[in-house]
């Protein structure tokens, strides 16, 4: 309920078209969102064409199917992350979503129901090693279902610097770079020093011993000596892509 | 040296206008940046009007003065972070930089030498408490010297939710929100759920006991249940503002 | 043995009705509980109608059955937490406890043998997400077997603040709120700022990466900027409900 | 603005006594608290006679004085925690608050301006050692300014168990026990096993080596084998007392 | 080779009874132990009747059998800790050690081949809960095969203090107490305050959440406020019993 | 009050020599220690000639003086650890304890008022480096005031193994060895492999970087591959000496 | 492309032998390695006879086979570490690499295709226990395929110091010593004090409780009181051997 | 005493030239080093011209002077690390060591008394930032006093990659590279990918927030994706230089 609607309601009360009791109920029972907060969600939805994302981990298969169905019914695209093959099989068994797709590496289920807007700018996803690819695939799938133009470059870790330098031009022409690395996570710093666009760093749990399941890469990325780097949680390709998509969507044209 | 310049040089060699020895020297002595990497720096400079930032912590006062002088000589704006009053006094004593300013809360030295471009969009900096203000001031000063339009809102921690909700409209009309909080760092999640623009979260070392100098807030922010949140290092107002400025500069107009 | 009993005993000795040897033995062999400590347990039992709780984790199935039988023989209600389905099956196989029930999400076995006192006040259990429900069910079952009036609200995490705000009235009319959340655990702080009753926060191991099995939520809750929040161990729905039940039982009527 | 006031306003609009524009402004400009959240604060205030607490740590002396003055002007009692002697001296210098008192061990400033309600029940604060007394004093002063009946017992650590056992009767007749201990924090578990009322455990930073500034005591208390124990942040005597006061105020009479 | 033997050897050389070459070889080829270090082992063996212990964890089954055979061949008692049932089955299959026994809770294999010396004094092993019994059984079996007089008391955790107090006399008449506890590990402090003999504390990995696999109990025990407590590694019942056995063997009679 | 005294009292009651009221008062007012627990203290005192130790850290100077005076009045020896020079000066200023001594390295105050029993056996204290000497001095002074025969060997770290091996005979003839080391704490393992008596390991905060204030040495000592090693808290020379003294006192003669 | 080649190219341009376009392409398209970085790889290859190592952990079996084939096609030796038996089986199934070998303890696949240079000097690999052997085997196999002369000594932990001292001469005649140990990792310090060559320490995840998967050994090794010790990641036998091989290859003859 | 000397001594005994008593004393009193271990030290000394290094931190000024004098008396070069200006002043005050020098950044005292051997090869020390220079100076001074040829390159952090790439040739012609970096420590990985010689990485405590005093850089370096990297303790420039010097001394000529 925005200001205009409130004016209208009060005028209706004044005119007698709406009873006081009915108006009280309408105003009092409004979710707070109606007076401001929920506009966020609608705003986001209108702009991004995306209602909500299903984080499947720890959810029962039945619940995932149910939530998937509810979200799909809005007619928007649907994204489910950290989904098991079993969950996708259950969705397939319903026979209701023939267009649903499963990406096994990144473990996402997607259902494309809308023609997204023409992609603007490019998000570049790069990984230090091949073992980081599952996280990269989660990022790529997320960005795509959010209507983004995304490009993936794998295995350009800093131990073989020339392979990364080979891609500098591509990196420099991106609107956002998502840098994905495990072990010592140095990729974020090196890329951060090479580009002028925002770099979103994703530490991965790739490594062993003192990599501590990605903590070392996370700490390294938080301490990056390059200035344009921000960080998301370990293995969180989805969050990086979501952030990148917000940013990319807000940029009409890069100078 | 870009492709065109290289073609030109080689044609000059062919025509005899440039000697082989001179050309060899020119090509061989080129910083690698000239063949790609340093373009980043120039590009950044041209676009942002900003050469480099002096991180003063752990530097000798003399070195800070020297670096400050060198950077100032380029005619660009100068920013020095984590600067002590003693450092600023030394810069003042030189008598060379009458326009230099010290911001004691955020501990920054700035020297404005250029009329920055007309600000586009707005970066909103919010803090959970009053003790977070020093970090906020570092962010504000950084964003301003980078030519941004920035607004600061203090003390809107989630314990008094209505104070935050009062500012929802302002938050929702921002291009980037920088959310600064210590203790349990819940502000980032709550704000992330209220806006559709990117939220850059800055954990602060405010708190005691198990706040562990900001680690608790950092972890909370990395685990935010809201999707559009990325994180920088503890107390790193500069990095948050730098990231926000890159993003804001890349957006011409918000939809 | 209280003071009166001691006076009586000594008078018996004086009168010769009790031999010195017998009196010595009686005084010396008294469990300390008889002189004070064990009264606690009886006191607790009389007031709460509850003898002891079986923490099944790490116990052999046989031992669980045996302890269950012993406790059931007192005629009081019985609660076993962290119980496996196998343990419940073993209890069922005895055929002795047809009224025993298993709650598979919270993994509790309960045996109701007493009509509990009329519930006073209400304990409200709320969770940030659906993955926190198992911990919530342990809390709900515990509170119920302890004779409490308990209400469960799920999935009101702070990322969608309006859903939580919708329940403010319910929260404000509770005697105790148990706030259950994983990830960044911000729910406790937000709820703590909305109610005037005690909030018992339960961090859960829900999350990934730097959630560190619930440590992040725990730290966030310990650092809550809201004043009325105390915390129990990770995933410890039982302890939260036990604490809440003690408090709720001690309140006759809320002002 | 409650339901009755809203009905009244709308009826006034209907009757023409209030213009639509004025009513719109009144409804739209209401802090959300007026429609629900701020009632918490008022409710708390009415019940506890207490508006807000000043956490002085990290605040400028001037700010503390200013906030103190503002809170004192409401006529309610005032509590400032983690206050330095310098802060109290500044408050004294104003000459405005002759009744203000400084408690140097717990570092609190209090200003009693109201006759609190007759105390109900008792909060007992116990410490393991003498070095825990500063934290205990913060708790005691907080409880007292919140109008509670509080008793302090010091130095009853478990190494000399008989000293603790001597106080069992006193502990058992309390409405809430605040157990304060550093080092291994065993006091909370032992007390938790002796009483039937809620125990709020406060780990302190007392100790050395692997006490890790209170983390060991905190962990021990979170893992208490006794059931009725909840925990607050390290050295947070204020929070323990605040929680205890809420609970004690909600209990009219102990059975 | 001690001083006397060296004098003897050199005199033999002088007398010509031993050739220079032979003497050189004898002196040069001596294991350093022969000049001092290895005496330790022999000394230990003579005094304790025990050569070496097989730590089975991480060893191949074949290797365990082989080492077992070699140690058994010395005629001494044999102890293998952290042994799997599979390892014991392999030892049984050899048919060589009909007297070998497997203790499944503590996971030890023992082979008694010697009549140990008459036990002196008593080692008392106590546990906080029933889940600590496996660690206790490792301690008991170790102490017994080392010829000690050992008594086990289970489930005397501090939450039910009277059960522990009931055993005070038994504890006070011990030469060494081994206190085994997980969770908050408070047992060690409480026992340490009740007895005058050395207390060896064994933290166990019993617990969940912030018990961190025994780290909490370990830290609590290291910070014990009682003076006579030393600590061994988590779940290390063997080490505690080994230490206790050394001490007990060195005490002829308790005063 | 022991059994004999209780029998006597009751017989006096029976004979009429003691009134019932007086007897009740005498029995009821006994500290629980008199019925069991405090016997420990007396027992300890009789055997060790030592009442209690003052841990000065965090105590006010006045309190230390007062406790010192009270303990000295018992006529026993007095030990105060972690004492500042200021504390000793205050004790000296009283003029009451001319025999009090301050050991500045280990920061102990001692007052010898009793001729201790003839020393039995020997406690050997060894340190890895010279920086560990303060901790060693705390241990030495503690052992001496407890009437022990103690010998100190410094700077025998494992980097120069021959210096340690030189002392093997001395180590092997000890009843207890206290091994004190910072950095990697390897000394405990090496010594543990050389002697047959108990080794009490004291990690020290000596080191830098990843020594983490003694945590590295602590962990190393807890994981010692030698069997007869137990560990106390970081820098806790007192506790090691107290443990060693208990053990040494219980051994009449070493075999 | 080195300076001479660049001069030559430019002279060809000048002479007209090479077109400007072709020269531009050649210079511009050069991988940076051609102008400097990649020479490293070739240099390394020529000197060590080794192109690249396959880290198999986390890679798909198919990918491992494919990379193996590609590397084998260069004619150089091939090394794959952390390889499963399944991976080796897949390589065998291709029938292309009859000379490939699997070492099951260290989990390496090797393919020897070149006669390595005559070994210079010796790398000695020593382990504290038998459980460290898998890490040692990874080191040994790595060093061998890199053409080194390597010797393995097992089970010389410091608890039985004489066994280590027995090998001093062998250690002292090595060019590099790789010291492998879990638990408290003291071996590195002791060996570091015995030899004058570099010691590369490898902490292993052998141990339990507070060994924390090798962290304790790692910390101990980083804090070694011996000077010539450097450290690699936990269980990283490969890295230690690679470092040792570089060093050994650079030494022609030991003085 | 080596084998030949032992044969000689025994032959002298046989011939009567040496008395048995004297021979016994000579053999028995030999430090174990004389029979093997101490040869290491002599060997090291002969080869490196260096007896021992004084680690001053935590040592008394007097002790430092005394040890300095003793070491200087051998005629060798002397190195004292972590020395305060006060310590150097005390050494100067003795007037005995006019050639002693203090390097204030790296805090070393050196006394050159020997003409070192002609330097072979080169050790290159590089730092990521200017704040790492103190650690670098400790390394440089150490290497120089050990007679090495060392070159220092500062401020080549990976954020400005071209500055590092500019030095590739210099790095590639080194025998050993010492890479010093704080913050995220990425320098070690990048350099490790550019050179074929061993890289010794030194994490520094430079940084703030989650740099955790150098732990982040340490972890990053231990997880380096480049193969030829080993690591020393945080800020330990001395250890890196000592390791590098051993290696460089063992290499006669680089291929």
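Per-chain numbering from 1; labels A, B, C, D, E, F, G and H assigned in written order.
As a convention for this text, a residue touches a chain if its C-beta (ideal position, glycine included) is under 8 Å from a C-beta of that chain, and two chains touch if they have at least 3 such contacts.
Because the structure is predicted, anything quoted here is derived from the model rather than measured.
Summarising the inter-chain layout, the chain whose CA centre lies farthest from the centre of chain H is C.
When the interfaces B-G and A-H are ranked by C-beta pairs in contact, the top one is A-H. The distance from the centre of chain B to the centre of chain E, with each centre set as the mean of the Cα atoms, comes to 61 Å. Distance between chain D and chain E, defined via averaged C-alpha coordinates, is recorded as 50 Å.
The set of chain C residues touching two or more other chains comprises 32, 37, 160-161, 165, 193-194, 209-211, 215, 218, 222-223, 227, 233.
Chains touching one another, given as pairs, are A-B, A-C, A-D, A-G, A-H, B-C, B-D, B-G, B-H, C-D, C-E, C-F, D-E, D-F, E-F, E-G, E-H, F-G, F-H, G-H. Those residues of chain B lying in contact with chain H across their complex are 31-33, 37-38, 41, 57-59, 63, 203, 205, 213-215, 218, 233-236.
The touching residues of chain G, counted against chain B in their complex, run 3, 6-7, 10-11, 13-14, 16, 20, 23-24, 27-28, 32. On chain D, the positions that touch chain F within their shared complex are 130-131, 161-163, 165-166, 206, 208-211.
Residues 128-129, 157-161, 183-186, 188-190, 192-194, 207, 209-212, 215-217, 219-227 of chain H are the ones that touch chain A when the two sit in their complex.
Taken together, the chain B residues at the contact with chain A in this complex read 32, 36-37, 39-40, 43-44, 47-48, 53, 165, 168-169, 172, 175, 193-198, 200, 218, 222-223, 227-233, 238-240, 242-243, 246-247, 250-255.
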